[in-house]
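After this come two complexes, each holding chain A, first together with chain B and then together with chain C.
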Partner chain A sequence: MRKRDYKRFIHITPDGKRTVVSFILLVLFLVVMYIVQPEIMKFSRIATITNGQLCLLLAGIGQTFVLLAGGIDLSIGGVICLSNSVAALYMPDSIPGMILMSILIVALGTGIGFFNGYIITRFNVQPFVVTFTVNYVLLGISLLILPIDGGNPPSRYVSALLHNFGQVSVSMIIVVLIVICWILIRRTRFVRNVYVVGCNEKAGFLNGIRVSQVKMLTFAISGGLAALAGLWRTAQLASGSPDAGDAMTMPSITISVIGGTSMAGGMGGAIGTIAGAYILRLIQDLLTFMGAKSFWSTVFQGVFLVVTVGVCSVIDMRKGGKKNG
Partner chain B sequence: MDKTLFWKKNSTIISRYLIVVILFILISVLRPGFASGTHIRVLLAEAAIIGCAAIGQTLVIITGGIDMSVPWIFNAAAMAAFTFSNIYSGAGLIVALIGIILAGFLLGLLNGVGVTCLGIPSIVMTLGMNTILQGVVTGLTSGSIVGYAPEILNFLATGTVGGISVALLFWLMLIAVTMLLLRKTSYGRALYALGNNRVVANFSGIRVKKTEAIAYGISGMSAAMAGLMLLGRTGSAYLGMGNEFQFESIAAVALGGVSMSGGSGSYLGTVAGALTIAVLLSILTALNLSQAMQQVLYGIVLFVAVLAATLQNARNKSSKL
Partner chain C sequence: MADFEMRQISKKFGNVHALEKANFSANKGDIMGLLGENGAGKSTLVKVLCGVEKEDEGEVLLFGKKMLRRTPKEAMAEGVRVVHQELSLVSNATVSENLFMTEEEKPYRRKTIKELNKKAEALFKKFGVEDIDCTQYVRELPLAKCQKVEILKALAFEFDILVLDEATSALTEKDVEWLFELIRKLSKEGKIIIFISHRLQEINSICEQITIFRNGTSVCEAKKDELDTDQMVTLMLGRKIAGYYPEKAHSRKEEVLLHVENLRNGELTGVSFELHAGEILGIGGLSGQGQSELFEVLYGAKGAEGKIEIKGKECRLRSTASALKRGIALIPEDRGKQGLVLPMSVKENITLASLGKIRKGIFLSALKESQSVKKMIEKLQIKTDTPEVQVVTLSGGNQQKVVLAKQLLAEPDILLMYDITRGVDVGTKREMFNLMQEHCQEGKAILFFSTDTEELVHMCDSIYVMFEGRFKAHLQGDSMTEENIIRVSVGEAAV
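What follows is the complex of A and B.
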């Protein structure tokens, strides 16, 4: 690549450097994984990994939107649990019914996101306080709907989402669609406004951006995507769980940050988050391959989150950028 | 003149205590058994644990951060004490317990170092620490452990001296120490200054990083102490015993009128918050609802209360300016 082209490439992806770094990391881990386990490059294996990570990936993209606008969404886990419980119990066994039910669930998630965003912007409350309490209530509601793990989503629903066209799985198509969508919407006024609000709220406001509207929309997107993640989880597990999805909130932050999204807002993007989701999975596979017990995976998740955010933040500080974002 | 100033200055805290009293009277009228001596003692012991866990949370929130690592520091301390009771006895055990509390301080300090020196947002640093500890504790204990709750902790949590429970006396002592720390020491003043405006605090010669890191350390220490108290009360330690305290410690602080953006509030308010939560929890238990319904109602009530507290704070602040 010539230097000019390279510069243009960087220019196209907002804060492209970090997204590029995340892809370099992804390639690095793929190479390491390929050395120890050559079958990782098989198409079917990639399809399995994508099936497994799509739930987290959707949640992470929602989180990315919120982080880009300078917020944080801790209610993602609760929305996933709620959507998972409702879908596992009430998904009807007819094609129009399934579509209608899915739309209803996504609308519910979006509504919850809107509610979060409305309370945060209207009353000027810290995002984590609102989303944290909402998460608590949502977990209670899911437990009310589905007291124990179970539920029985129709087999047609499960097999439709886990279907393979030849070697291409539905989840891979969804990931490609997400990438295309992101490329299409990245240049729109809304997404640009999200970046501006995350970088400098005051400047955005003075330039005529409706800051609270933009923020509310990011939370709504996050809620909607979390509901989608719950729908996917229902198919993936072919059952429901009122509390297991709660563990998704933290990794959703982790993959956004590995993907190059800044916790301070205004930098990063959804494509990096996708890379982040795969990186997380590859590292976990590597740990399993090395024979680590399952609790190490929990320890590692925490260490990884802290280290990535720490490294990014130290680099920011060196640059003399924002401190304590 | 002096008197009205006193009321004006402390209106937030006084209103919090009024809420507790009104809530309590209302329930005692509806349910006669509620106001009995034994029940009040149980309530206060419950509030003491929540209040203890919320000491550090108050300090951290005054600096403008948040500590999400309370539950697993709490759990780790209880598990450690439970295991040590097999090995040590007498004076050795007391040294071990002090060691556990110090370990809590160090874990909290680690949070503080991450937040101040590496610039990691406090919510991420403490969430990460919480997950790490969850993994480590689960791994080390492989799910279940044997032991017994040390007698001294039993006495601390359930014993009585002259009709007054020891837990309450211990809590009163902690309240006094915390209030002195916040009101009368240079550290406390530095904490408020830092929460109000970091840059100004820095230029006024306050060692911002050190002050902030120690607040997280104290939070770890108070979480460990609360864990020991709960171990003394329940008599055994189990995985996940601290999970409720993540929500409760933050809610107690918010209900007590401490501003979530830092710089104002007092531990006396948090004490009222802890009492409110204890009364609320026991009302919900008395209503005989399912666990799930309890969680939903509890969450909604606290959501409204936290929102109201934040709004009141914002109004107070703007009227002062």
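What follows is the complex of A and C.
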């Protein structure tokens, strides 16, 4: 009897298991990396890595929301480019101005996300098609306002975001905040509904969930986070680029999936995505360390993706967690 | 030794002993009834037999030879055909594609569509099926026909053993007759038929032998004549029950909760009625005469012309959310696809329709949630290890209980029930009936559709019989008999 109660206490949900898998992988990579390069565990090194990965991480969390509700967002790259270009060109050099501009840019990203979600749910079009198209439009607009790499964001803006409090960087604080936020909002009705819609839209609808609203909100969140990612990128590079951010879309999916989020929807979570972002970086670092050519990194990422997806589906199968229509 | 034997089969899922040293045997030509309460392990036994699950211990022998059954395909080759409790058709394929999907020698995709259809038609002719078009897509078929296709799929090839796991639960009465005819023929040809059902009349009318399961083991094997229905029930549940139906409560009040006038759309051809507080209003008729359409309209899932008044106020139900807000809830026809989110936990499913009530500020309160879930699990005696397990792992009847628990927790004023006792054992049925009466005594009302006429007669204050999209007759008082329901269902007049 007691043993059974104990089991009850540590019961891990299927979503939890997927997250645990991604963290086990992260630890594995850390160990390997530690053996070849002990300084990886230094605080300053972690700060640098976090600075480098935060843009992708923010984008990935947005993607996770969309994937959880059963969609996909291919316009993330476009939003990052637009946000990056606008911020690099128009960021004013006063503190209230910076705050206002940032809010405006995030609102713009959120609006684009809403637009995606509205078209998708109102006209019942595939998310893939809509966001793919919107992405091109956004890239076009970015090129219009910033034809070549450049722009000059105020140095106060750059140094504020790349500031270090002692050993702790702003980016690390942001990651911790993301974790806390996720844990909190995981307990809201909205996020519960996101999972339901991702698992079984029809049942969700028949239980009074406003499915279109939920989907629209996930796209809006994704757009908003992508705009944030663009803002971060502006500080990180201290300049703007109208098209470089486009390369973020695919990795945003990669880290979500490595982090245990199912592309079919309804399974996974944002904590795993964070692990995914670090894993991706460790893979790249490890290969660079071994002096491998850069295409190996891509190959390796692919192999890795397959492995994690495989492990996750084995977990699902063992739990009998097959999906329905 | 019997021709077919399953010996000392054990199967554990985590902490749950689904089967514990279960024995089962049958001879050529037997029609063996398999009974047991929800979660007794019937479906697990079947899954072990057909290679879907691997037993932890035990062996299976057919004509003295050990069966390996490493995969479902191998089990089929060894002569086992199963109609599973939960449908397994591919909804985006046509009927004929579905029928021959499991074919052995040649992969079906190499066949031309025409050939497949021809084969399907020949099969239909052989088994006397006239009401299904084999070129139709499965997603367009109502549940009753899907069930029929599923049965035909099993019959399409040679076998020694045929298992029907609650295959009649979604069939119309006419189709049940058709199936019984067929089973009798197959048994004469020397096949072994294993028939699982919670409807005891069916067991009584078709089976010669019965095996009763309780808590994962067989507790009785007997000839049918040796046991009467009450004894069967006592053996199944391990206790006696006091009658199959509660006394009628007569809690109907004058206040009208729902007033419906002349609802019309594609399938409804003018439905009008009034539902009073405290009333259980029955809806009878063959399934597919517009009942599910009516429920969906009342639940805001589909539109229709006409007038709907809730508590005296006319309203337009534009979405299920607005219906729920006005106190209408639906227990849908297909629990797997419409009622439940299968990969999610029992807990999350039970609170699915009442998240507003377990809120604390903007968050869901874990405490309130687990309290309400615990209450419902106890009330309905849902057999689950913990509330955290995924709903798919529950037995069919227990999944149905989760659907009911979910809607009762939402405390709607008007509950639309579509055949809620499907796949539920007699003991639980009795509990469900009590809960229905309790619900009505609080001044709420139930619209109760059932394919089981006995249930309607015993539970309802009055009954409308639906025929071709409208209410054909209103049976009250003495005219409320099973015979009348059936007569009106097929288009005759009541007596």
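Following the convention adopted for this analysis, the second predicted complex is superposed on the first by the 280 of 325 C-alpha atoms of A that agree within 3 Å, B and C clash if a C-alpha of one lies under 4 Å from a C-alpha of the other, contacts with A are read in each partner's own complex, and residues count from 1 in each chain.
In the analysis below, a residue touches a chain if its C-beta (ideal position, glycine included) is under 8 Å from a C-beta of that chain, and two chains touch if they have at least 3 such contacts.
These numbers were taken from a predicted model, which means no experiment stands behind them.
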{"item": "Between chain B and chain C, more extensive residue contact with chain A", "value": "B"}
{"item": "Chain B versus chain C as contact partner of A:H163, first or second or both or neither", "value": "neither"}
{"item": "Partner chain(s) touched by A:R45 [first = chain B, second = chain C, both, neither]", "value": "neither"}
{"item": "Chain B versus chain C as contact partner of A:Y136, first or second or both or neither", "value": "first"}
{"item": "Which superposed partner A:Q301 touches (first chain B, second chain C, both, neither)", "value": "first"}
{"item": "First (chain B), second (chain C), both or neither touched by A:N207", "value": "second"}
{"item": "Common ground on chain A, meaning residues reached by chain C in one complex and by chain B in the other", "value": "316, 323-325"}
{"item": "Chain C contact footprint on chain A (complex, rising order)", "value": "4, 7-8, 11, 13-14, 184, 187-189, 192-193, 195-196, 199-200, 202-210, 266-267, 316, 319-325"}
{"item": "Complex interface listing, chain C residues touching chain A", "value": "15, 91, 299, 301, 319-321, 323-325, 330, 332, 336-345, 348, 352-353, 355-356, 359, 362-364, 366, 386, 388, 390, 392-393, 406"}
{"item": "Residue ranges of chain A touching chain B (in the complex, touch as defined)", "value": "72, 119, 123-126, 128-130, 132-134, 136-137, 139-141, 143-144, 147, 242, 250, 253, 263, 293, 295-303, 305-306, 309-310, 313-314, 316-317, 323-325"}
{"item": "Contacting residues of chain B [partner chain A, same complex]", "value": "66, 114, 118-121, 123-125, 127-136, 138-139, 198, 247, 250-251, 254, 260-261, 290-296, 298-300, 302-303, 306-307, 310-311, 314"}
